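So, here come the structures, one by one.
Below are two complexes that have subunit A in common, paired first with subunit B and then with subunit C.
Let's look at the complex of A and B:
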């Protein structure tokens, strides 16, 4: 197990490193570039060159990357090139502030996705081929086809405008007012939760149908185990492994939803920081945010691999 | 020849309608008329009117094409790059496979929207950059599916027999592997098209997609949000149009998935 952990951690580190090279290359080699963005399109080549020299961008790319990486390892991602109140803020601060919003939002969204998707998927499996099953798969197709901004819009329309139950604007930080923060992120979390419930429900249904037809469940039934016990002990457990996998694999999809709802509901999370950085051509921030998103994806999937062993003792990681 | 399924009819009607709509609209259909600003849906204007008194049905219909074209371009590029790469990795195996899969893993680690926002943040809004960025995210997805499908075929008896008979590798791939993976690949490509539609709409919504002179459905939603309380139809209709298109594509992909799944094959196929 320790050996397995070591190799997986090493693989994750190499992958994150590769993404950081990609992010670095993206900012350096795409048309545009920091100096051009700062000076505007009418700047003469000589002016651009001067600013490049001042920013150290005229040195060999490998040297620049090594320097960036050296500082990034100490969590120093440079300072923001954005204007206004953000000018000169360390990128690491922007990211930390963003994560304080994004992490609770993503966790609540995932919790809602599992809380909605898992029971629906199991209910569909229990009545496979009948009305409930067909209703659940139709709902899943529609949910998967909903862009987050549209579902968010409809939820605002119903819960904020018509019913007036939940606020759609007015941000409060989690540190200042945890309960208020929870109220504010409820609609955005519901938006990504409902959309992400669809893959969870589909996966849970498929897995439960397979487990329910399997040998252990048939034996348990023959042995006279009550249906509730069969479902909780065997079917739910068998469905958990694929459900956890799909939650891990859907993290990228979830992040897309998080970026959209943060900007829609004006939540100052990582996705909002990223869009502001893109609008302001704030290269150091863009570069760092890509790496943070990728690192989150890689680490969640690493965690999923480790969870397997905990959920299903029969699964032993290779080499462990 | 089977009769076309309901899913086919739906997808042809919806996609054809959206692509043709801008050309079919009578000239002046979206003319401004300040006296008729923000009218709710009625018999004369089924989708109501917008802030400038333009007929909203005409605007929604005209806004479908940009997103569809971007998504189609993205899907085509992703398929042209990803599928050959995946088939190569699956058929060649060994070191080629290892290298291709490692490179693809980097692509998986960066979510499509994150990559697209970063690229557009550097290049500024541009349809070409948008297509490139999204295709770079979806090509690895198609490559992985193509590799898995190819690997599954490579172990089949007919491939082993062809190999034993001394058939050249590229002929084995062309004659035996590709025809038998086509179903999976078509389904997955259709799904990528629906992902690309949603991603383009989200980026337009965030202000990074098509430009205001040429608004797409996502952009119309952005404009509708400040007016949510007074004119909800401005958001409801373009969003519903987008969902209808994506549902049609997803249903078609699901149906293909079933029809072409060898385990569910109902005669006529090997």
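Let's look at the complex of A and C:
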């Protein structure tokens, strides 16, 4: 188990490192640059060059990367290169502020996805081939094909404009007003949750159908176990492994959704930090946000692998 | 109960209105939906639309533009005088002015502010507009003397520019951390890129204004979500509405669309330093090939008028005889210039930020194809566009627009004079045109200036470095609860008389 963990962590580290190299190169491919963005279009090339030199951006990219990596390992991501109000803000602060919004949003979104998707998937499996099953499958296809901005707008129209139940704008920090924060992230979390519920439902259904047809369930039934016990003890547990996998894999998709949804609902999360940083050519912030997103994806999937063992004792992770 | 209360409020307002004893405050909190939030807080260097709309509530200058006549009128200044020879401007401040932090606003703050704008190190937006200023000095606490190198009639309009000509405290702290101005509203705080809170400044020079108690800017980056926030009553005003959503606002109950004549004109510009656009015949051919009616119709979705100069919503009328739309003549001119199989790319500025420009570009490409020019309309990301067109000047043509300024000088000198800081068309004005542009800045008589700019623009129409296309319709949206709101051709938010009613 420990060996497994060691190798997986090493693999994760290598992966994150690779993403950081790629991100470093990619953000520098963007035309313009922080000096141009900060000084505006009126700036002369000489002014831009001067600021670039002051920011250390005139040195070879490899040297810049080595320096960045050295600092990043000590969790020092430098300071923001954006002009104006955020000039000189430590990137770590921007990330922390962003995470304070994005993590609760992603967790609530995932919780909604599982809370909606899992029961629907199991219900469909229990009535495989019948009306309920067809309805769930159809709903899943519709939800999967909805772009997040469209579903988000639909929810705004219904719950904010028509019914007036929930706010669609007006962020308050969780520290200042926890209830208000929950209200403002409810619609965005619902947007993410509904879309992500679809793959959860489909996976749960497929897995449950398979498990239900398997030997252990048949034996349990023959032994006279009541259907409730059969479903909860055998089918649900068996179906959990693929469901957890899909939730883990969905994290990548979730992050894309988070960027769109945060923009739609004006939430100052990591996704918006990323958009702002890209627009301002704020290399250090952009770089750090990309690495944080990559790290989140890798770590969640590592967690998923570890969860397998907890859910199904037959799975024994081995190293190598 | 609610009804009685509002009746009382109405009666009270009537009584006060009748006696003129209107007091500050009591007007509620106005929530304004904006796209971006504060990015740069220094008034002198700010340039973003959203920033300017926020900062103009906090900062004030010596003069301001009267929303009705568009003429400069006193703001922090009580009055001003220009000497016979036009070389000395003496400005008298109102008595008892204070900044938001309680310190007195005196002539030395004005001197400091104007010199800060003139200082190259500041990088102020208005620096080149104050170039004729030789010195600024405080005569006494309430009097400022501005000495000019040559007569400069435009100075009043320059000093009336919101935000960019702001008076900032000489002894102020860090303006970027905490803005301190003398405007009707005080900066309270912000959640970065999310919301900005302002509250009424009790010591504003007008004892009767502002009526609002507070103003909150709510950042909603997505426009559909912004309109939804207005429709659901979560915000009361939108500082801009795009053309495709205008209809939705018009049709919705409880809100209205505010359409106004803007100072924003879009143009098709050519790189006059690069063949074949260095040949005036080619530029004229292109100008005549473009069907401006069709371009205006498509770009503004039928809401904007054709423009023949870049000057719109001006206090000084500018009249020209436009080039006709004549594809046959265009072909003939191209043949005369010996240009065959002309092929080039052009892109609207701002990436995809200005859909009206993208729609205009499509029609222009089609118009040019009709006279045998293969003009390909491409989309460049905003930063790339700026790099190519403004910085490197490595381009053939573009579609862009001029937004600010109600004085014709502001739409002409910077772009087409020899000293023009934004002359990225590389246009070389004739001696005649250069002389006109210089005289236009010196002259103070509006009638004479009207003739000067009409003449100058006739030359620019005939030389066609840029082809003015259409006036971009100014559109805002507001809830029916908002009373007393006004805007200007520069899309300023004039909030001093605003209050919310039920």
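What we mean here is this: the second predicted complex is superposed on the first by the 287 of 320 C-alpha atoms of A that agree within 3 Å, B and C clash if a C-alpha of one lies under 4 Å from a C-alpha of the other, contacts with A are read in each partner's own complex, and residues count from 1 in each chain.
As a convention for this text, contacts are C-beta pairs under 8 Å (C-beta built on N, C-alpha and C of every residue); 3 or more make two chains touch, one makes a residue touch a chain.
Here the structure is a predicted model, which is why all the values come from computation and not from measurement.
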Exercise for the section: Using the touch definition from the top, say if A:149 reaches subunit B (first), subunit C (second), both or neither. Expected result: both
Practice task
Mind working out whether A:281 is in touch with subunit B, subunit C, both or neither, as first, second, both or neither?
Solution key: both
Practice task
Give one of first, second, both or neither to describe whether A:30 is in contact with subunit B, with subunit C, with both, or with none.
Solution key: both
Practice task
Pick one for A:184: touches subunit B only (first), subunit C only (second), both, or neither.
Solution key: neither
Exercise for the section: Kindly classify A:171 by the partners it touches after superposition: subunit B alone (first), subunit C alone (second), both, or neither? Expected result: second
Exercise for the section: Could you tell me if A:268 is touching subunit B, subunit C, both of them or neither one (first, second, both, neither)? Expected result: second
Practice task
Quick one: classify A:161 as touching subunit B (first), subunit C (second), both or neither.
Solution key: both
Problem - Partner chain(s) touched by A:45 [first = subunit B, second = subunit C, both, neither] - result: second
Practice task
Touching subunit B in one complex and subunit C in the other: list those residues of subunit A.
Solution key: 30-32, 149, 153, 156-157, 161, 263-264, 275, 281
Fill in the blank from the handout: The subunit A residues in contact with subunit C across the complex are 30-32, 36-37, 39-43, 45, 48, 82-87, 97, 149, 152-153, 156-157, 160-161, 164, 167-171, 173, 263-268, 272, 275-276, 281
Practice task
Write out the stretch or stretches of subunit C touching subunit A in their complex.
Solution key: 33, 38-42, 47, 51, 123, 176, 190-195, 218-222, 224-225, 228-229, 231-235, 381, 383-384, 386-387, 390-391, 421-422
Practice task
Would you pull the subunit A residues touching subunit B in the complex into a rising list?
Solution key: 15-16, 18-19, 22-23, 26-27, 30-33, 141-142, 144-150, 153-154, 156-157, 161, 251-253, 255-256, 259-260, 263-264, 274-275, 277-279, 281-283, 286-287, 289-290, 293-294, 297-298
Practice task
Over in the complex, which subunit B residues touch subunit A? Could you list them?
Solution key: 105-106, 108-115, 117-124, 129, 194, 198-199, 201-202, 205-208, 218, 221, 224-225, 228-229, 232, 235-236, 239, 242-243, 246-247, 250-251, 254
